[in-house]
Amino acid sequence: MDLGTVELTPEQEAFRQEVRAFLDEIVTEEVHEHERRTGDGFHVGVHLALGSRGWLFPEWPVADGGAGLDRVCQRVLALELARRHVPMVTHSTTGLVWAAVELSADPELAARLKPEVAAGRVRFCLGYSDPEGGSDIAGATLRAVRDGDEWVLNGSKLWTTGAHNCQYTFLITRTDPEAPKHKGLTMFLVPLDSPGVEIQAIHTYGGERTNAVYYTDVHVSDTHRMGDVNAGWATLQGPLSAEHGAGRPDDGLSDVGMAMGTREFEAAIDAAARWAKHTTRPDGTLVADDPAFLDRLGALVVEAEASRVTPGPMGRVKSSLSYIAGIAELVDLVGPEALLAHGADGAIEGGVLDYAHRFAQGTATYGGTTEVFKGMIAQHVLGLPRLNLPGSKQWVR
Amino acid sequence: MERFELRRQDFRLDDDQQAVREGFGDFFTKQVPSSLVRDAQPLGFDADLWQRVVAMGATSMGLPEEAGGDGATLVDLVLVAEELGRVVAPVPLVSHVVASRLLARAGGAGELLAAAAEGERVVTLALQPGVGGNRQLVPDAAVARDVLAWSAEGLTLHTLPEPAAHVPNQGSTPLAWFDPAAGERTVLAAGPGAEALFRTAVAEWKLLTGAALVGIAESALQLGVEFAKSRRTLGVAIGALQGVAFPLADVVSEISGARNLVRKAAWYAEHEPATRPDLPLVAFVHAARAATEAAWVSAHTQGGLGFTVEADISLFFLRAKGWSVLGGDPGADRRHIAAALLAAV
Amino acid sequence: MDLGTVELTPEQEAFRQEVRAFLDEIVTEEVHEHERRTGDGFHVGVHLALGSRGWLFPEWPVADGGAGLDRVCQRVLALELARRHVPMVTHSTTGLVWAAVELSADPELAARLKPEVAAGRVRFCLGYSDPEGGSDIAGATLRAVRDGDEWVLNGSKLWTTGAHNCQYTFLITRTDPEAPKHKGLTMFLVPLDSPGVEIQAIHTYGGERTNAVYYTDVHVSDTHRMGDVNAGWATLQGPLSAEHGAGRPDDGLSDVGMAMGTREFEAAIDAAARWAKHTTRPDGTLVADDPAFLDRLGALVVEAEASRVTPGPMGRVKSSLSYIAGIAELVDLVGPEALLAHGADGAIEGGVLDYAHRFAQGTATYGGTTEVFKGMIAQHVLGLPRLNLPGSKQWVR
Amino acid sequence: MERFELRRQDFRLDDDQQAVREGFGDFFTKQVPSSLVRDAQPLGFDADLWQRVVAMGATSMGLPEEAGGDGATLVDLVLVAEELGRVVAPVPLVSHVVASRLLARAGGAGELLAAAAEGERVVTLALQPGVGGNRQLVPDAAVARDVLAWSAEGLTLHTLPEPAAHVPNQGSTPLAWFDPAAGERTVLAAGPGAEALFRTAVAEWKLLTGAALVGIAESALQLGVEFAKSRRTLGVAIGALQGVAFPLADVVSEISGARNLVRKAAWYAEHEPATRPDLPLVAFVHAARAATEAAWVSAHTQGGLGFTVEADISLFFLRAKGWSVLGGDPGADRRHIAAALLAAV
């Protein structure tokens, strides 16, 4: 076991100073204001600035557009980005898709894209979910039909977060409607400026923007096909299993679990703790001196601590559900001030609790619902049998 | 605490009560489509709707006949509040009814009471006893010039030249800061009797808000159930899966219990106010929890869609907490509830 | 709505005094001691004494061995029995079975049994669950084979509570193993003194006794068959739906919900409240003055109140799950004294919390697990579809 | 509270730690069948097993080398405690190790310390600070003549002529009332430093008990999972149903988090005791909750069988709460945890 602070070499310490100075410069209040306004999870200025340093893919060699950072410096960078709440959603989908591009795309296309991705000029989003599909990605219905050297796409996708800020979507399509469910899928990297692509904003009450994307007779070159025809499920697995937390080096420089929303939960807890230190009850006593407040706040601290150290997919479920239950309790503890909006007279620390309460709900759905993960835990951690449903193997739509 | 008392447990509504429930249920359902709720955001007040609510008699029905009311019981009022909550109607009815009843009990301010009964002036109530001149957030104070408040001085009517500035909030309610030094002040009553009137009014506010939260929870649940019936995964409706069905079953159980608790509390407050003064708080605490759970479970049942602004569940999710939080920490209510038990055993 | 106290007529008031006086006499400390020792849910002396007054089936006419009580007096009696914690488990199974006997038994047998049942000399238990059957009663495997005017039984049942204090068990058997699951069952009223019946005690950590009953070549007369051959499922429905709470008069003189364990939960809450009033913390303060204690105790009061008024099968789930979670919290609130055993130095009110914590767990299983009831609520209250499983209709064992 | 500190989060056990875990795991599994646990009821002490535990070095390993120990770390000790909990071994190891370590730190009583290291005398700790001469329930005091206690006088060793009378309890632990006036009393240390030693010992007791509770929870879970795999209903294993599978998935998640929290707290207490003094309490609170949940879910998964005395789950169910309750209300720990946060933000 090693939970100790990491001793930095002089070079690593210098790097940290460099990161801090650079982020102080580029992560301005305007960046946060932009994020509150758009919910994009992306800021083009910050993204390009990070790209210019090779810090979007810091582990890549400098020659490839990365920064050739060691694991410690990568962690230093990641922590500093998190500390400043840099919006990174589109960067994260770009990274997921890149793994598939590297593995499955036409080598020439991949080689052409790599420096652009590293620089931040090319970004990817996920075209996974059908409007009616929910968590059952393999039930995709968006049709792709071959037409010479091209494919013609018709259909739509929901939850293509970042589409309006990306150049390509990593799209799952059905190419053989007669084959068993998982054997009739093909993946494409579809340029989002193709004729027939229409992007429609969807806003969440968590303050985020995502998109519905409609494809009407969209023509895509076969060179943008990823992996073999009807082998889309295999093509998809790479980035999906990366999203599910596999494949991290086991050196203690990654988070233990796939905690979801825990930073937002902690930020709200900390704000409530500070609030309690300077707020009096109607009877004139300090909130911070109320044993009942402390008892209940302490329970939330325990939940957040547990969320951080619960490993793997179990941490993903634990963190999200603890956060959702815990933020509701935290709002109760604080009272009506907790739900004042950003900018309202009396809002606590810029409305951090209000935001945390709204944002919490989505964390139980992103990247697979908590139910999907509970099913995975039941089968893969506990070895419980899987329930066979009519559409587990067949394409039933 | 008499655990084995011989009492009826008859929760059936009589014909008049049934008529109140159906009448207001039809009214709110027809008059308050979700588009109206959205259009009233962020203030949470629709003046036209308010006029129609007044015309339905909702502002006067709970007042004694001598104050121009119909002497409706608290049971009637919780039935109305539940129907209001079901459509999250953007009107300050709960605060207004409770404050008007308090005004009637305290006496004085007859002109205001008459105007309140007619809905011409909106009255509200500062829920926290005022100490040391601290300001507090008061429900519906952004649309009310008249605020009733309790402080060491007694029960005081504060009449402001205009309603205080709206403070935007998650539940889109007409919340505003109330400054106890503001406005023209009239002490209506003082002493322990006056404090008891204030406490009763706060309990009534929590009871009616609890009823509204039951309505919110019920509508949230229905949205989740409809989705679970129609959305399919892996060849079955998702509602056939226990992972989806069981939380919804838990929610309907919580709501059914909360509804009965609200009605029970209303019955006692109306017929035997001294027997179980803690019951309105019990009902509020349970209803607030049921609404929180219903909103989250239903939103989550709807997956990503349940998290979008355009889905109607968003209206209920944001208000389930946004309305209940106006009453302050339910922990304070739980402490009163426990104190009542300690006194009884 | 009417939640008011019931005004008693002079006759009803006199009846209440009579009940109180009689119960004071028969429900001695020995009765409670016997129950703690045996966990029988039954005391023969009390049972026969109640029978001698017609109070086992108080709604029956006096001529039938009842007491011809009106609904108010029935409720008076029920409340007084509950107040004194009179063990009534075997009485309750007897009542459930009687409904089926009246409906489905050979009229001569029923007529012969009725006065005995009313007097308390004949008692019934439920032979429903197979050892491997769990909640799936219709999957019964215990075989009954016709042999002239008799049937020969072979197999076993679990959870036949009270068998050692009963004269008959209401037994579900499989008479046609080739028929669809629900169409091959037949019910019998089996005399428990038949040769080949062996009763084996099973003890629970809730302090109850139940039984496994083994049937080896047990011969039962066809006159003890209940209902038609292979129509056992229909025969069973009567008492089962009574157990599930249907069919009560709607006059406000029954409990609203099928609360399970709520009285035990309330008893523990009340005891903890009294304990708090005379117990000091290490720092010398009274527990009853601790805001955190009050906050958490208040939450339990809310749960118990909700359990009482949550209607029907929803109340059955709510009460049991609230009790199980709540008693664990109550034990935490009180600390180690809470789990001292009856008779131990310092045990709180005779170990009422210790008992309530142990007893709670079974309430989620008796008469159908909470999962079975959640499924019923999902289907019948919410209208959600039922999941078809391989053995829903077929007999799969 | 530094939320973005650059620290490793490497929870992998090194070879020595792995050897401790496996060695004690094998030992307890082989030496403590459930029949032994049952035979040791209701006292919860098996003298022969205690001798074998001593022979394994468990009573001395956590003492400094100058006290005849091996200087094992707290990480090692929580590994041992988890394995002990996994079989609910009826030995007073947790109290004894914690009290012995306190004895070693406080100095004095060298003879007793030597006897404790050899397991010849059992030592335990009164967990509540003594005020006003109130008696308190002390874990393992029914098998220990030597009790360490904190009061206004300081840290005091009470040596009784014989262990106090056993008080039968749900968890079948050797619980006894401790009278602060009883026995021969030796003040070992006084003042704030001595109080800090006492508080550290209580935290260690909670940490090791938390570890034991993780072991209890894990064994309870396994019994439930095995049942869910083999018991069938309606033609499928019940574990294939989400209503059964999801609660078990929740339980394994809680346990995995609790185990890591216990180890994290042990690591900090060993290597940076001043950085997060609240962590042992955090770990205890979470482990106690995880054990409560695991025991209930697993018992319930087993239906009626899970409620019988003859089923092994009964041993774990009764001890999940029965052992954790010895530490007193976790609410008190949560208040300390919150106070630590308030001091840090």
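Labels A, B, C and D are assigned to the chains in the order they are written; within every chain, residues are numbered from 1.
Convention: a residue touches a chain if its C-beta (ideal position, glycine included) is under 8 Å from a C-beta of that chain, and two chains touch if they have at least 3 such contacts.
Source: prediction; values computed, not measured.
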Chain pair, C-D or A-D, that carries the greater number of C-beta contacts: A-D
Chain at maximum distance from subunit A, centres defined as averaged CA atoms: C
Approximate Å spacing (C-alpha centroids) for the pair subunit C, subunit D: 38
Computed distance of Cα centres, subunit C from subunit B, in Å: 39
Centre distance in Å when subunit A and subunit C are each reduced to the mean of their C-alpha atoms: 51
Interface hub residues of subunit B, defined as touching at least two other chains: 236, 241-243, 246, 331, 335
Overlap residues in subunit C, where contacts from two or more other chains coincide: 291-296, 371, 374-375
Residue ranges of subunit D touching subunit C (in the complex, touch as defined): 42, 128-132, 134, 136-137, 165, 167-171, 175, 177, 231-236, 238, 241, 243-244, 288, 292, 296, 299-300, 303-304, 306-310, 314, 317-318, 321-322, 325-326, 328-331, 335
Complex contacts: residues of subunit C adjacent to subunit B: 1-6, 8, 72, 75-76, 79-80, 82-83, 250-257, 263, 266, 269-270, 273-274, 276-277, 288, 291, 293-299, 301-302, 305-307, 309-311, 314-315, 317-318, 371, 374-375, 377-378, 381-387
In the complex, subunit D residues that touch subunit B: 241-243, 246
Residues of subunit A that touch subunit C when the two form their complex: 290-292, 294-296
In the complex with subunit C, residue positions of subunit B that touch it: 1, 3-14, 17, 75, 225, 228-229, 236-237, 239-242, 245-246, 248-250, 252-254, 256-258, 260-261, 263-264, 267-268, 271-272, 279, 282, 285-286, 331, 333-339, 341-342, 345
